[in-house]
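Next come two complexes, and both contain chain A; in the first it sits with chain B, in the second with chain C.
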Partner chain A sequence: MDFFYTYIVLAEIYVLLGLSTNLLVGIVGIFSVSQAAVFGVGAYLTAFLVMQTSTPFLVAVLLSSILCIGLNILVTLPSLRVSGDYFVVTSFGIQLLATAVFTNWTGGTGGANGLPGVPAPWIAGHEFVEPSEFAVLATGGMALGCIAFWLIMRAPFGALLRAIREDELAVAALGKSVLRAKVSAAALAGAFAGSAGGLYASFLSFIDPSSFDLDASIFLLTMVVVGGARTLAGSVIGPFVLLALPQILALIDIPSSVAAAARQLIYGLLLIAFMLFRPQGLLGEKL
Partner chain B sequence: MSAYLQVEGLNKSFGGLQALRDCSFTVAQGRITCLVGPNGAGKTTIFNAITGFLVPDTGHVTFQGISLDGRTSQQIVRHGIARTFQNLRLFVDLTARANVLAGMQDHVGEEPFTAIFRPFHTARALAAKQDAAMAVLAHVGLAAQADMLVRNLSYGEQKLLCIARILATGAELLLLDEPTSGLSGAALSDVMALLRRLQAEGKTLLVVEHNTRVVQQIADDVLFLHQGHLIAQGAPADIIADPKLAEIYFGGAI
Partner chain C sequence: MLWLHLLVNGLVWGCALGMVAVSFSLVFATTKIFHVAHAAVYGLGGYLAWSALKHGMPEWAALLVGIVACAITGTLIQKLLYERLDRRGATHLVILIASLGLSAVMQNAVAAVYTSNVLQFGLPWAARTTAIGGVLLTTAQMLTVVAGILSYLGAMWFAHRTVLGKRMRAVASNPFLAEITRLQPRQVHIAVMAIASAMVAIPGVLVPLDLGLQPFGGVPILLTATIAMIAGGVGSISGAFLVAVGIAVLQNLSLLVIPGEWSIGITFGIFVIFMLFRPRGLFAG
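Right after this comes the complex of A and B.
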């Protein structure tokens, strides 16, 4: 049963990341390949706060989200200066930089060996240790994220973001600030990624840089491609489908080293196949 | 007395090419002023300079006595000037209604905080704006197309929607870049009728127009631009009758 709940919790955490990536890449059209870096900062900060300063879990996650709001604004700012293709390169650089920090700052992150012993969340005298218990928290977090996403997409803010994706110049000609809208979207994406990080660190109780590297960022993009861009349903289904894959591979009796390689192979094939044959993903729109 | 819109001594060079040279003119309130001139004369560049899309090398733009120098395109819309684009630039994957809504100002929930934390307030305000957007669409004759994707509208409908979208901003002075180009027959007369109607409602129009018959029928004043310089200004009949201008206009085209 833990096996099942672990899958649910991880998928729900990745839904928050899917919302974050979809908002930035799918909706605004800022092609970021460094969302895992922001996710990582949220995870490490929450771990630090609860381990070193005994900050309560919810406060730690909130603070991590706030830091990631600022951080995500900072890392997406270059997209306002350099256009499309060039931003991907910039964003790539940001991701590499983050990985270098996560791996080498042994004092803060435990370096490549990782950071063990992140305590399970305590809320109102209750400890959420078992995956089935944690699932309650993760479901709550995912629900809040989905509601927020749904609300902005049906509000004029969502309409403004869609318009910006189509034609920034036309938006400016209608008296709207493109800069403000993009910064707001980046802030929201940062909040999603930061809180996902906090949940992730507390759930696994062990984090290391491999969860927040370039592969992880590309995995987040794969979720959006497979799930579908710009829709809530797409952001939810992508993580559930992709995270089912390692679970299924684990059920088949093959060595774990082979399974890991097979997983990468299948993710790669899925990415290519969807881009070529179903660019709108399972339940979304064309990226 | 200052003019409604006053453009003074605009110069703009793109590398070696001087697109505007000491270009000055005025536009009177409540009138339809047509800006004419051969291809490459600098008509669109003037629009870009007035609306903050490019900064002229020298020169000033004054609207209702207020200097627009150094203002951003957003601020200029706030002052009551809006422009269309020669190549439309509609949001083609959105509906006609969404395009008009995008033009409307002061939406509640156009930033995430209000959208998330005051959802009912946002929804109520949006419902009210929907009605206003429908009214704008009905005004230009596109009520039936409100929920169609723009990419599925006819070219004539798209041209009307461009005007609807800037009308939605509430602007008083409308700069229309070739609103009739590519149109004929009923679609052409629809746009011309709309322009007259807007004038009757008190809007001021500055219109880039190539079709001399259209100019003759709708213009109160004509500005003739040649190589970035205003070389003539007057009533449409006088400008069109001038053989020197006809030579420049048609000589260059052939």
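Right after this comes the complex of A and C.
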């Protein structure tokens, strides 16, 4: 059963990341391949706070989210000045920069060897060690994220974000502040990614740069694309489908040396196939 | 004399980077597609040449195999993927995601076939060094410089002196007008993809002669090249090539003060700051 709960918890954490990516890429139309970097910063900061300063878990996650809000605004800021393709390069660059920091700053992140021994969350005298217990926590986090996402999409603010994607100039001409809307969306996406990072670090108790690299960012994008961009349902179903995929692959007899490459290859194929034949994903809207 | 050595290294590396930047610039300016999979085409060229060599082909034939195979790959990518998406009215974002997916597919296919360990060509003549003005250069490095300069001149000649090149520039500057004056943009796109893919195969084979092959080595190189293209002004072949050389020299000289593992991070850090303050490129008004 632990196996099943682990899958549930990870999928729920990735739902938060999916919401983060969906908000930027799907809703506002800012192409970002650096969400894994923000996710990583959330994970490392939570790990640091809990391990070195013995901050309570919830406070640590909150602080990580706040830092990631700031960070994501900073990371998305260039998209206000540069259009589409130039921002792609910036986004790739931010991701590579983050990977360089995670890998080379051995003092803070443990470098390529990773950071072991992140303690399990401790809330109100209860320790969430078992995956089944942690699932409660992750479900709570996911539910909060989904409710926030749903409320925002129904609100006028959600309509404003979608309008910016369709025609930025028209929105500006109506006297709405594009800048403020984009910054708010980036902040929200940062909060999702940061809290997901905190949950991830304390659930696995071990983090290393490979969870937060360019491949991870592409995986996040695949999740959103497969599940379906622009909708809540899409962001929820994407992670559950894609995280089941490695389990199915494990049933097929592939040598372990090519397993990682095969997995990434399949994600790539999914991206191409969905773009060609079903750009709206399973439960989304047309990109 | 370390700085002189780094400077020369930077110039050599800049010629390789320049070829990537110029070829990417041709594609981007003409098709408007941010062709991320160009990084994978770069990688593919080297691996196929390596295989050809291991099957007993002479060196020049192996290089040719890499170039031709990449040209064919580029043609297929344009015809089977980009053009198809374009006909279906795919948005920019959709094409970009598909390109990213293709890049992941090609690189991981290479990693699955050749493993993700570094492969060496192991050619003794390529590693033989010659002293030029007190700096030791390998034969592979000298070849890179020659190929880089020739590719740059070739691209300039192609863009300004040939009919296809003029059609290419016409399509780049006004696709709609090119369509109604029967310049057949779709054919031009295919030709440009073939030429650019052939061109990127040259550094794809020559750089690994020195440094060895890695399945995912193309991504940081392509990104550095796109920085050069953007900073040099999109559509300008000279701009892309010269800024690429400049970036490579700066990257190498920065090794004097900053440890090597940070250099790629610093390049992109500078670029992000650059994009914040001067988003239209160095030479734009």
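List of remarks:
Throughout what follows, the second predicted complex is superposed on the first by the 280 of 287 C-alpha atoms of A that agree within 3 Å, B and C clash if a C-alpha of one lies under 4 Å from a C-alpha of the other, contacts with A are read in each partner's own complex, and residues count from 1 in each chain.
The criterion applied here is as follows: a contact is a pair of C-beta atoms (placed from the backbone, for glycine too) under 8 Å apart; a residue touches a chain by one contact, two chains touch by 3 or more.
Since the model is a prediction, treat every value here as computed from it, not as a measurement.
Superposition model on chain A: chain B and chain C are shown accommodated side by side without a clash.
Contact with chain C, but none with chain B, is seen for A:M275 once the two complexes are overlaid on the shared chain.
Between chain B and chain C, an angle of 80 degrees opens at the CA centre of chain A in the superposed model, to the nearest 10. By the touch criterion defined above, A:D2 lies against neither chain B nor chain C after alignment on the C-alpha atoms of chain A. Of the two partner chains placed around the shared chain by superposition, neither chain B nor chain C is touched by A:D253.
In the superposition on chain A, A:G93 contacts chain C only, with no contact to chain B.
Between chain B and chain C, it is C that contacts the larger number of residues in chain A.
Taking the two complexes aligned on chain A, the least Cα distance separating chain B from chain C is 11 Å.
Interface residues of chain A facing chain B in the complex, by the touch rule stated above, are 148, 151-152, 154-160, 162-163, 166-167, 169-177, 180-181, 184-185, 187-188. Those residues of chain A whose C-beta lies close enough to touch chain C in the complex are 25, 29, 31, 33, 77-78, 81-82, 84-90, 92-94, 96-97, 100-101, 103-104, 214-215, 218, 221-222, 225, 257-258, 261-262, 264-265, 267-272, 275-276, 279, 287.
Listed in rising order, the residues of chain C touching chain A in the complex are 28, 34, 36, 81, 84-85, 88, 90-98, 100-109, 111-112, 115-116, 215, 219-220, 223, 226-227, 230, 261-262, 264-265, 267-269, 271-272, 275-276, 279. Chain B meets chain A in the complex at residues 51, 53, 72-74, 76-78, 82-83, 85, 89-94, 98, 101-103, 105, 107-112, 114-116, 119, 122-123, 126, 129, 165-166, 169.
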